[in-house]
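Sharing a structure here in structure tokens format.
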Amino acid sequence: MPAGFTSDEIMTVSAARMLRNGAICFVGIGLPSTAANLARLLHAPDAVLIYESGPIGARPAVLPLSIGDGSLAETADTVVSTPEIFRYWLQGGRVDTGFLGAAQLDRFANINTTVIGDYHKPDVRLPGAGGAPEIGISAKEVLVIVKQSRRSFVEKLDFITSAGFLTGGDARERAGIRGKGPIAVITDLCILRPDRETRELTVSSIHPGITREQIRANTGWEVRFSDDCGTTEPPGEEELATLRDLLARTAKAHGATGVAA
Amino acid sequence: MAQWSSLSEAIAAHVHDGDFVALEGFTHLIPFAAGHEIIRQGRRGLALVRMTPDLIHDQMIGAGCAAKLTFSWGGNPGVGSLHRFRDAVENGWPAPLAIEERSHSDLANAYVAGAANLPFAVLRGYVGSSFEPMCPHVRSIVCPFTGERLAATPSIRPDVAIVHAQKADHKGNVLLWGILGVQKEAVLAAKRSIVTVEERVKSLDAPANACILPGWVVDAVCLVPRGAAPSYAHGYYDRDNAFYLRWDAISRERESFRAWLKEHVLDTADFAEYLRVLAGKSSQEAVR
Amino acid sequence: MAQWSSLSEAIAAHVHDGDFVALEGFTHLIPFAAGHEIIRQGRRGLALVRMTPDLIHDQMIGAGCAAKLTFSWGGNPGVGSLHRFRDAVENGWPAPLAIEERSHSDLANAYVAGAANLPFAVLRGYVGSSFEPMCPHVRSIVCPFTGERLAATPSIRPDVAIVHAQKADHKGNVLLWGILGVQKEAVLAAKRSIVTVEERVKSLDAPANACILPGWVVDAVCLVPRGAAPSYAHGYYDRDNAFYLRWDAISRERESFRAWLKEHVLDTADFAEYLRVLAGKSSQEAVR
Amino acid sequence: MPAGFTSDEIMTVSAARMLRNGAICFVGIGLPSTAANLARLLHAPDAVLIYESGPIGARPAVLPLSIGDGSLAETADTVVSTPEIFRYWLQGGRVDTGFLGAAQLDRFANINTTVIGDYHKPDVRLPGAGGAPEIGISAKEVLVIVKQSRRSFVEKLDFITSAGFLTGGDARERAGIRGKGPIAVITDLCILRPDRETRELTVSSIHPGITREQIRANTGWEVRFSDDCGTTEPPGEEELATLRDLLARTAKAHGATGVAA
């Protein structure tokens, strides 16, 4: 790892860069919320952040600790009911980018946040689906931000909470799903994108200082690298300063929890 | 027709063993005081429903009130797992907990369908996921006009819904604002309802088109200041983030949970006393 | 993304011959100015939809803009029939008018389904009525859980929705209040939308949970003061009840209607001039 | 007709008397709205008036000319959207009394406000259904207020807009309708109620000064009179004064239209 930034920082900055200005973004709590708000403070001041609790166009000064913090309501253009968010705004087809986290994903970017082990006798009971099943299918495209390890990048999911490319190829289209699905998975090691044909997640950009061996060691399947796989642009000064400032303000406001980062 | 009453009277009158009970609140206005009173009164065999069960549901489950939980996301928001919920699901402690798992979109739609007196909800949902094979409540329905296949799920019709709100007037008309979640739908979907409020006022002085529950759709209104703590009430108090963090340690082991529950809930007379006990603890900790 | 523009530019850009067009407003905030501009620009073959088509639809139908009307109640509220509408349905003048008739509950649900991107709506409706045999858009659907039979109707997805509101800010965020009708749903159900407003403001200063259409779901915002007259805009001006009464006489015969339309709409440049002509008339009448 | 009140007045007063205090009432515009507001000013101050445009708990000082007058919004406990009115409040099963007018009705209190003549080539195109089809089935009970004549009380409807007792007997229940249906039809001549067995509308009370012959002459079927058919209690002084005052205030506010009466 080069001096000057952490692997968490390059992950968040890389994810933030992918949110285009003006995009209507459905934001999950935690890493996605950090990246989306960073984007808003950098190149995407007109991105519209929608949180599933009801705020549309939220511009929180510090990161929310929960999906329904008061700061989201206070800074939003409008606050509607939760049913309305899911019915008129997400299902309504108005969301450009769904920004998701994941407990586990597989090579086709299918996501599991439900259970590890047998569904009816689980080894680990995870929090569950939340908005992910419908964000995954209704948003025009999906970005996934997740720390990479053999625990999170697994060969086979015990439960598909949110559809990625299912069994690959055109399986997603054949299932009748409208949205394009995960166009990128951003981790603390690299950026993966679906192969054009097979839709298998393929490393397209490696963060500075990370080796292919490290990525292989932290992936539960035999991971491929794209032919034009490059190196991720390191975080710039403004990006880092803005992110650190945001996290510092957040820690001050909430008491340091380490969670929102 | 709304009756002003104490919270203990309201829970005694309207929440019975075995009932299907919605306590709602999407991070905001979570009815903690009502959940504690359910624990204090020793309800058993409840089927609970909530989109985002968090600490109060962890407490009710750990206290042995629940036989079933219908939910879409169960966790300590911003912190991690619900240990009592996991212990019940993974190990059946203190009692086995059946689960009916849904997505947010499903459950929100199912409350809407309940409020609208429909037996099922229709949504674009679950496509490609493991829900349809694994969860028997997810079925499909075909549009009679286009032939499209969509998801159908049963509506939610609780025996009783419990929510917290900012204000009510003397007639029991209730006003809430800020993050509204699914509270209005939960009350309208339920056979009975209890609303705890921060403040009793002469007149709501609500803006046009505010979110109001007329008193005649509410059964009991109870004045319980800070009744949503440690969650927040917009315009009244902030979220006690430190408590959410502390809960992770308190709830991790059965014994520490039991001790906390006894001291804070079972051995307190009401929510006001709970808040006093809790405040004492916090100041002690601050002194250390 | 909302563009501030003149009403004539907005209609020219977004309303095309043959389009499926919703102009909504439930007695309140009826987009009269926009309807006049559609007449002025000579649109033909429109499929119109409105829950409560009244004078502005009578005018558009009489002017020959419409080929079809989807509706649930068509009348002059508090006065009687719409003569131009009846003449079109009963006698095909000035052009035959196909109708798709629904109930309020159906059409309201169908807009909701449209806003929610669903192909159909489900309701407890029409049982025992002549709608199901007579109107092919009323079908039935069976609950996959209870076996109950309910009504299903196709959702409404207009090409363009046009509504009037009180205020918009420089970004085109729109605020409306009072009787909301089905305006939000109409805009969200449509592919494109035009909003005329009473006032352009720096900031909406809206209360929590007000009815707001973010600028990015609106295509054109047009400043048209009194654009809902003779209906009313809550907080701005009252309903011109006298005009609703006068309309009965104006519209009863084809010739008196045509003369009125020519003088007031076709021969005026815009709604401001229409209001001046109308005001001149009224003061003349008052003098008599 | 006895001196002291008009046939319209006894119709409105008789209808108002049937609305119990505290009832949740879904109010149609015109005669129903006049009767419901009169009841509110007399014996039913706690009746909750719901108008389909969105106001819940409206207490207008003068009668609204339209179903969406501003005075309804200003005096209501809350104003919701029109879809919400129909979905959560009417279909939700919260309405005790649906108060309807009618262009035509038949002996089983089925209502037509759609068309006279062939549906596809109508002789008279009426305004249409409005809320009536669902008010008729979702309200716990229905009151109908209508002026009686051979044009309005017909042998056979060309279109059933809102179901009464369909073909009589238990036809309504067999159709799966939940609400009790029209419990009374109040006219300017009499009050009719459904026969317990046949559900045919039967005259149960005749307004003072009206003869059975007049009622027969103004009914399009061979109308029956109940065994205990009595005479309607004439409007009392307070009832008349309150009604006249309300209509005078209304005329002054709107300009006299004669419609709201």
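All chains are identified by letter, namely A, B, C and D, in their written order; residue positions are counted from 1 within each chain.
Here is the rule we go by: contacts are C-beta pairs under 8 Å (C-beta built on N, C-alpha and C of every residue); 3 or more make two chains touch, one makes a residue touch a chain.
Worth saying up front: this structure is predicted, and the values here are computed from it rather than measured.
Trainee: Would you mind checking the shortest number of contact hops between subunit A and subunit D?
Mentor: 2
Trainee: Can you tell me which pair among C-D, A-C or B-D shares over half of its residue-numbered contact pairs with A-B?
Mentor: Answer for the repeat of A-B: C-D.
Trainee: Just the number, please: Cα centre separation of subunit A and subunit C in whole Å.
Mentor: Each chain reduced to its C-alpha mean, subunit A and subunit C end up 42 Å apart.
Trainee: Taking each chain's centre as its mean C-alpha position, how far apart are subunit C and subunit D in Å?
Mentor: Going by mean C-alpha positions, subunit C sits 28 Å from subunit D.
Trainee: Enumerate the residues of subunit B that touch no fewer than two other chains.
Mentor: 112, 117-118, 123-124, 178, 180, 185, 208-211, 234, in rising order.
Trainee: List, in ascending order, every residue of subunit A touching at least 2 other chains.
Mentor: 73, 79-80, 87, 91, 138
Trainee: Go ahead and list every pair of chains that touch.
Mentor: Listed by label, chains in contact pair as A-B, A-C, B-C, B-D, C-D.
Trainee: Quick check on the complex: what are the subunit C residues that touch subunit A?
Mentor: The touching residues are 1, 112, 115-118, 173, 185, 188, 206, 208-210, 212, 214, 216-217.
Trainee: Taking the touch rule as given, give the residues of subunit B at its contact with subunit C in the complex, in rising order.
Mentor: 117-120, 122-124, 139-141, 143-146, 148, 150, 152, 154, 177-178, 180, 207-211, 234
Trainee: Mind listing the subunit D positions that touch subunit C in their complex?
Mentor: Counting only subunit D, the residues touching subunit C are 29-30, 52-55, 65-70, 72-73, 79-83, 85-87, 90-91, 110, 114, 119, 122-134, 136-138, 159-163, 166, 172, 175-177, 254-255, 257, 259-260.
Trainee: Can you tell me which positions in subunit B touch subunit A when the two form their complex?
Mentor: These residues of subunit B touch subunit A: 26-28, 51-52, 71-75, 77-79, 81-82, 85-86, 89-90, 101-106, 108-109, 111-112, 123-131, 134, 149, 178-182, 184-185, 211, 232, 234, 238-239, 241-242, 244-245.
Trainee: In the complex, go through subunit D and note every residue touching subunit B.
Mentor: 22, 24, 48, 56-57, 73, 77-80, 87-88, 91-94
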